[in-house]
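The structures come next, written out as structure tokens.
After this come two complexes, each holding chain A, first together with chain B and then together with chain C.
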Partner chain A sequence: MVVPNALSDRNLSFPTGLITGIVLAIPGYFIGVWTGNLFGLFDDQNTGVILGYAFAVIGFLVGLGFLNYPLARLLGWPVTAVPQTVEERTWGRYFSLSLDHKVIGMQYLVTILIMLLFGAIGAMLIRTSLLVPDASITPPGQYIMLIGLHSVMMIFITSAVILGPFGNYLVPLMIGARRMAFPRLEALSFWVVPPAAVILAAAVFWGGFPTGWTGYPPLSEQAGQGMDSYIVGFVLIAIALVTSGINMLATIIAMRAPGMTWTRLPMFVWGIFATAILGLLAAPVLATALVQLAMDRTTNTTFFVAANGGSNYLWENLFWFFGHPEVYIFILPAFGIIMELVPHFARKPLWGYRTGVVGLFGVTLLSWFVWQHHLFMSGIAPVLRPFYMLSTELISIPTGIIFLVTLGTMWRARIWFSVPMLFCMGFLFNFLIGGISGVYLSDVPTDVTLHGSYFSMAHFHYTIVGGEIFAMMAACYYWLPKMTGKMLSPLIGRIHFWWMFIAFNSTFFPLFLLGILDMPRRVSVYAANLQFLNDWVTVSAYLLFGSMLLFAGNLVYSLFFVPGIAVANPWHARSLEWQVPTPVPAGNFDRVPLIVGGPYDYGLPNAKPAADTFFFAAWWFSFFYLRALNNDQAWRPQGVGPPSLGFGLVVLALVVLMAGTYWVMSRALYGSFSFSLLAPVSLVFGIAACLFQGFGMWHLGFGLTQGGYASVFAGLTGAWLIQLLGAVAWLATVVVQGRPSGDTVVRPHSAATFGWILVFLAAVGVINYLLLYLVK
Partner chain B sequence: MSLRIEPADRPHAIRLLVMWVILSIIGIIAVLQIHYPPYDQTIQGEDQSKTLALLTAMATPVFIGVVMMVIYSAIYFRRATAELVDGPPMLGNTPVQVAWIGISAIAVLFLAFVGVTTLASDNVAKLVNAPGRSINTGGQTGSATAAERGKELQVQVVAQQWYFTYRYADYGGVETTHLYLPLDRPVELHVTSLDIIHSFWAYELGVKADANPGVDNVFHVTPQKTGSFTVRCAELCGLWHGQMSDTEGKVVSQSDFDTWIAQQQQDYAVIQKAVPSYAPFYFPEPTVKGS
Partner chain C sequence: MATGVSWLNPLTWPIEPWVLLGVEVTAILYLRSRSRIPSPAGGGSGWGRWRPLCFWLGLATIFFALDTPVEWYARQLFWVHMTQHLLLIMVAAPLLVAASPWMQLWRGLPLGVRRPLARVAIKHPALAVLRRLFALIVTPTAAWILSSANLWFWHWPAAYDLTLRNHTIHHLEHGLFLCLGILFWAQVIDQHPFRLRLSPFKRVAYVFTATIQAWALAALLAFATSPFYAYALLPFRPGGISALTDQQYGAGIMWVPGSITYSIVFIACLYLWFGAEDARANSFTPRQVGVAK
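For the complex of A and B:
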């Protein structure tokens, strides 16, 4: 039974919400720690800590109410069909699981700003420590802890600082949709971020982690339990990136209002679209690497241990294959904002709309082919360095297009020098320096000196702070009147801009010099002759922090001390999001046709297999990489091998049968074939496959330290088994609720989608077993 | 497709072009006065300095051009009136776009070409050809013997938490705490690690090479000037990463080097017996994992 106008799903027997979430997270943590310590192979508690975090997050999400919908579906209770069509204006909605994209956008904004405060305090402590050339202010242990916390916290923030608040709030408004394609997925993409931040901060209790944001093993395997915070926190951010990526793509592709053609799409939406592609495909690779690191730390596999058939190069490749697209996840939404805002304030059409879109997608495409420029000095494949040098330098062509389009738009314009426009121009200046310094780093001969020095640190702060954060500030001043209903003070805004612009350049430009003058990154001591420059930078950094406080003050002032509501369209802009009233009504638009029948399902969209392919592809890459890198004895010592071939064939056959029966059934849904008959059959096959596979993994016959093959075998089949278990669980719900009665809640659409996922899992299984049994 | 400049564009275009040319020439001359690191202690370092100068010279007109456009727009394309006015509806200009993309493509390909050729020539053993010091012909100008000069000196850099040591393969694998290199002789550095990833950065030599456990990372360098140099670790390697440095690296003449290495062999003779024999890389036991 579907209730069209219900405010929320029918609850479980206990009230769900933020407080329940926190209450359930605590026992979750302890259950995880106890379980982990029960099964953990070593006495170092890593298994316990990782499971503790994981269970705490699960408890938190259940307490928030994420289980309400699937359980209601399973038990045949009424569920919400289209959320947020009813007006609901309470403060409480910001502290609960809301499916309204506007609420989620605001939740994101506040969370990100709070996280930004902590990340910035970390930066201030780092700079304070560098006031003196020795380690007398901060001991080295605390210093590298600060480095790790500041960097990872800032990476979490910058992954979401535009995509989260502005992407979620504005994309539906800009394309004329009443909501996002998958509101529950959207809520999930937000609600994993606060736990990620808390778990990261929890590393303090373990003394932090010593690796910075790159987490290079073997240092990260040597590290204490603080490293587990890094692993779990980053996995949660990867989940946020994948879920919001799927959601943005589906929304932009499928939910544009009639007439919102591709060539009328706002540039900000194009920027989000390109970002979503990168997030969806890059984050699963990171997840694979993190699982491998967690396995190395808990179950004693040897993915990254050179002495036992692994290699730290594997991590460096996987991490940067994620890591470089990741930095474009930071900057592509910023490009979108700049190209979106400049036409509004230049009062001119965008100069070269199609060229601008080509520029965005040129960056998106090229970003997959450049990752080894982070590894020029690593000794990985030196012969490939010219290729990565060229591909990296080629990125400056599409990036140059962004500048061309922006400058062309300002040509002979009537520029309105509002605060957002000031920040756009600040972006152009800062990002120009950031981009040009990137060319220095892409050139191998100059990179010899600059790599790993303060120069590269200055480079990425210029692109991220000077680029992304300046664009985010432009977005705040531009869109907050719509989002909060309050205009930020333009006078304070102007002071804020000039203060921040000068303090920013005064902070980060000297870092280029420090790098050229032989100062490596992440050091707590440095040469005495560099003290003046370092002190200069520290004082400037304090000023930069002060400018952020001024922004916070402006925000508070506008929210609480400015009476009334801002006009609906203060910038006289023509784009769609300004045509709705302020505050934005619950359903966004009165007269846009309601889009019905879209999959608002909890998970399982069509886009999922694409991401999962990259997850398994990273494992397959690990297989071939370690196999090629190590000699036969290190890769697979005598006596280590897969269980018998017949066993593998049985498991495969069962999975193929499971997928096959389900497939026949899902096709038949449209005809008259008996639905309820085949689902249990498929379920039985699935359970049998899981049992066989689990039994096989329990009786491997070799230890996980015995070479790279053993590690890959355990990881690959384990990851596959976990997904298989998920599929079986879903199938069980289908069987339970799949009675072909009048109020069946299984819709043909999601049933067919799930059929695709089963076929995909079976295909992955075939490839896995080909590798493990035949290639070996 | 021909470039057509509208009358309204012409004064702006001419003004910008003239200013850009003048400022760029001044800027290029200015940046070429700078002495770029890693200076000229080695042939490779000198090439890197030249590349750095070239990159800066090429970046200058780009930087000046874009900044000039931004400032120019801020001054001349600012709205003069109090009320909102829309600008002229220009949707784009294909020749300008093609020209912009074409010019940036040419610049990028040129840079990549220079980078690749420099890399290719630096990545092999390189002989000094400075006048009076030629060693290609087997002349008697240097202090090393002809046989020695033709052959690369093989030095292994062994990194561990938190210091570097050096092993000289041609001298019985003797392990020293400072790096000494003879003048005018190509050196083959073999960088490896005993525990985690470090990065061997000899600033004045123009060398940076990651030290990975189980990997023999090879870099070539040819000193052409005597003097001291600094060695640092450039990859975060744990607690004392910042302290992992040594300012007593030296490039010395061949005869001084011979004296020094003989002294080292004598000093470390006892320790040498306990050190494992020279190999491309080493796996110390036990492998430490977890906390």
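For the complex of A and C:
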């Protein structure tokens, strides 16, 4: 295949980097606000604010250089699929778009720690306010703003605190791979996190948002523009979860070194694997719910407006369908860390390896059908509550199995009580309390009494702070010698552990008592007789914050004041990541040969449609849910309906033809006659489908406020249309560069994979047609 | 019980002749071959005393579900009817598959019947289409699709109400649940002497996806705000519950207790997969993949 010289010599000389990103984000924001205010006639600038954030993020990512590679491919310039990472040890690489998983891991770690500082300051302000039983320190509006910012910031952090830094840094090292499967996706999964944090913090300028992290309508529909920060920030986190989920699964399935069979996989990798499944399938449902909320707030659809063909229960179901797996996204990597570290410090093989993995997957499976226990007090059908109680209590079985495996490993061992091991023991102690109080809360009568009190608040802080953050600390003390090349001081580490452990329990254990004494969450005013306990908790919380500062001090001390570099394997551990030198070479391993394809036909090509299926499934669920809940008039008033049966059929036929021609094309030879012919034909079909569908949406003939059907119609066809536009962009890439530069750019593998995605989109179109046009 | 149906007096039970006959004939065939030829217990691994136990428990479950007062309640209560179906699909079918009684049942037939029957079934040219069809439906994909489609079909209100009115259709429904249940579980539970087609890992995925679709159906019924089926027309239900409550109980039973078999088999398949993977790891030497040194 001949590549024309005129094209091959060119390259992008667009300056990219963090500074460019910030420089582009600012005009992006104002363009978004301006555009939104131009079209958003219904609301108080919500359209402008949401579009402003979206454009700012896009500008930021473009400035960082995310567009260079797709643009080069679109224009047919030669590109390197995955550039070989070079040995460069400058600080600059941490501030630019890097495709090295080790750099991304460190970027994640520092970002998360900075975010953690802000989240913790929020917690200190909350506790300060609770020093007095009345609202004299913070007025009520400010208090609920603090609650919202603290909770959502902490949810962002805890979603990524292990998966991001340690998952990205260690998974390739532990399975013997040189890199992650999709390095650009990996970089994207990091670079959306800082904008998410900044956008969330920007809510302060709008007075925050009053809903806490759950964002329940109708409050979230009525809230001011601070709510838009919540929406956009959470969408970005959902994107991070989906992209890193796909990436982790693909990497662990396909890139293990020869001999790294499934039963030799380190437990930490298993924890990440289970987490990736959860993130991949749960986050799209959250994205759907957030898009619906954003549509309600900007285009006046009525997804969550009960008076007008919607239902606030729809939000509660979608949110918690994501929300409950989300808490296992927090804790499964922590389980992985504990089961990984304990054998090293007990110097024994893990007791019950298979049982431990089965425990992880048991949690993964069960986590999907317990979410309704969050709705016990919301007015769901009372007869269903015992079933969700039962299913929730079942989760304690695999969790207990994981504990059993850990304790069995320590049985009769001569344990080396290093600092990481101390944190593992702290985890076991805290999570036991957190887990068992969770069993109490799953019990319907107990939950009816304690719902919305400090008891549940103490419960989830015991699991997240006492569980996940303790595991994160164990991971820091254990792996930072490999990641930074500096051993953290064990003496300060020991002081840090005992300080943090005592302060943590002294902070959160009294909260159980306060909960039983009926102190409500999210309110700054409480009964005067509870002041002593609250003051006790506040002082303890200050001490807990102090222990975190000590940890920061230990980091600074070890990084800047300890000379020399840590030995390669300070723990004398047998696992793979310790067998490489410190600092880790750019290519990780010198000689390890890589497995190219996975042994099972599950994974790579289907990963994206799998996430997308859940995205659309959430829309379809909304359709059935609102249809079943509303009478005919509220669902679809007189005069509201799809354009016409024939119109829908034409659009559908065009999409099917696009997918069909592409399918034939992607299996034809490059440069062959059928290839050259069919690629443009497929593109024409795609453009026609988009134009027709866009025209149909523009001339709906009914307003979006007219009942549940109108909302679902707009959202579902809109989501489909956006994906069709993406497909057309890909087809345009194939047509534009397919002929001149032949097989150098669009590789047969990705072309074939995309055929599956088009078939999937056509299938979605068929289901949409059945629902929107045919079901009454 | 006002109508005279009593748990204590089997004479009042709603015995269905065809069900009773089927259960009895199966039992007799099983016993006949056991008395005539030794069971494979002597030779062959994977054969335990638990297999006959599974067989009898499976048969008893079918009898319990269809011929006892359970059936009488199932005509008035949706949730009992769902329990009845779950007993067939999730208890009787996997038990029968685990018992793997097929060779024994076959040998229970007299030789004079077996030979011509086998000859016709295997060789008769008129049955070629049927044989090909059978070969198709015993593949894992077809078994998954058929059993799921069957499950969803009978919960379609029109089909469901038809079974309440028409007894023949109702028997057909139960027969399909049992047969397709056996077909479904036969893909993941080992049965002597047949070999499974699915690799251990694919079995995990097979059960996982089936669980999800069963949950989707249960969720649909649980979230419905009006009763779907003709039960709503009954003036009175045992226990005095409303038709909607009845439907929600049924959905809850499908959701949580209905998942128990799935969960057990899912975990067993995971263990099997690890066993296969361990065997692979142990047979793995650097020479095989060409790693230097």
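Things to note:
Definition applied: the second predicted complex is superposed on the first by the 735 of 776 C-alpha atoms of A that agree within 3 Å, B and C clash if a C-alpha of one lies under 4 Å from a C-alpha of the other, contacts with A are read in each partner's own complex, and residues count from 1 in each chain.
One rule holds for everything that comes next: contacts are C-beta pairs under 8 Å (C-beta built on N, C-alpha and C of every residue); 3 or more make two chains touch, one makes a residue touch a chain.
These figures come from a predicted structure and were not determined experimentally.
With both structures placed on the common chain, the touch criterion links A:Pro218 to chain B but leaves chain C unconnected. Between chain B and chain C, more residues of chain A are touched by B. In the superposed model, A:Trp262 makes contact with chain C only, not with chain B.
Contacts of A:Pro386 after superposition on the shared chain: both chain B and chain C are touched. With both structures placed on the common chain, the touch criterion links A:Ile767 to neither chain B nor chain C. Judged by the touch definition given at the top, the superposed model places A:Val684 against neither chain B nor chain C.
When both complexes are overlaid on chain A, the residue A:Asn312 reaches chain B alone and has no touch with chain C. Look at A:Leu533: by the touch rule set out above, it reaches neither chain B nor chain C. Legend: residue contacts after superposition of the two complexes on their common chain; A:Lys348 is shown touching chain B, with no touch to chain C. Shared interface residues of chain A, touching chain B in one complex and chain C in the other, are 354, 386, 390. Partner chain C is touched in their complex by these residues of chain A: 258-259, 261-264, 317, 354, 357-358, 361-362, 365-366, 368-369, 381, 383-384, 386-388, 390-391, 591, 593, 600, 602, 624-625, 628-629. On the side of chain C, the complex with chain A involves touching residues 199, 201-202, 205, 208, 211-212, 215, 220, 222-226, 244-245, 248-249, 251-253, 255-256, 259, 263, 266-267, 270-271, 273-274, 277-278, 280-281, 284, 286, 289-292. Chain B meets chain A in the complex at residues 8-9, 12, 36-38, 44, 47-48, 51-52, 55, 59, 62-63, 66-67, 69-70, 73-74, 77-81, 84-93, 96-97, 100-101, 104-105, 108-109, 111-112, 115-116, 118-120, 122-123, 191, 195-197, 199, 201, 203, 206-210, 212-215, 217-218, 230, 232-243, 283, 287-291.
Looking at the complex, you find that chain A touches chain B at residues 42, 44, 46, 135, 140-141, 143-144, 147, 210-212, 214, 216-219, 221-225, 296-297, 300, 305-308, 311-313, 346-349, 351-355, 377-379, 382, 385-386, 389-390, 393-394, 396-397, 400-401, 403-404, 407-408, 410-417, 425, 428-429, 432-433, 436, 439-440, 442-446, 448-449, 451-453, 516-518, 520-526, 572.
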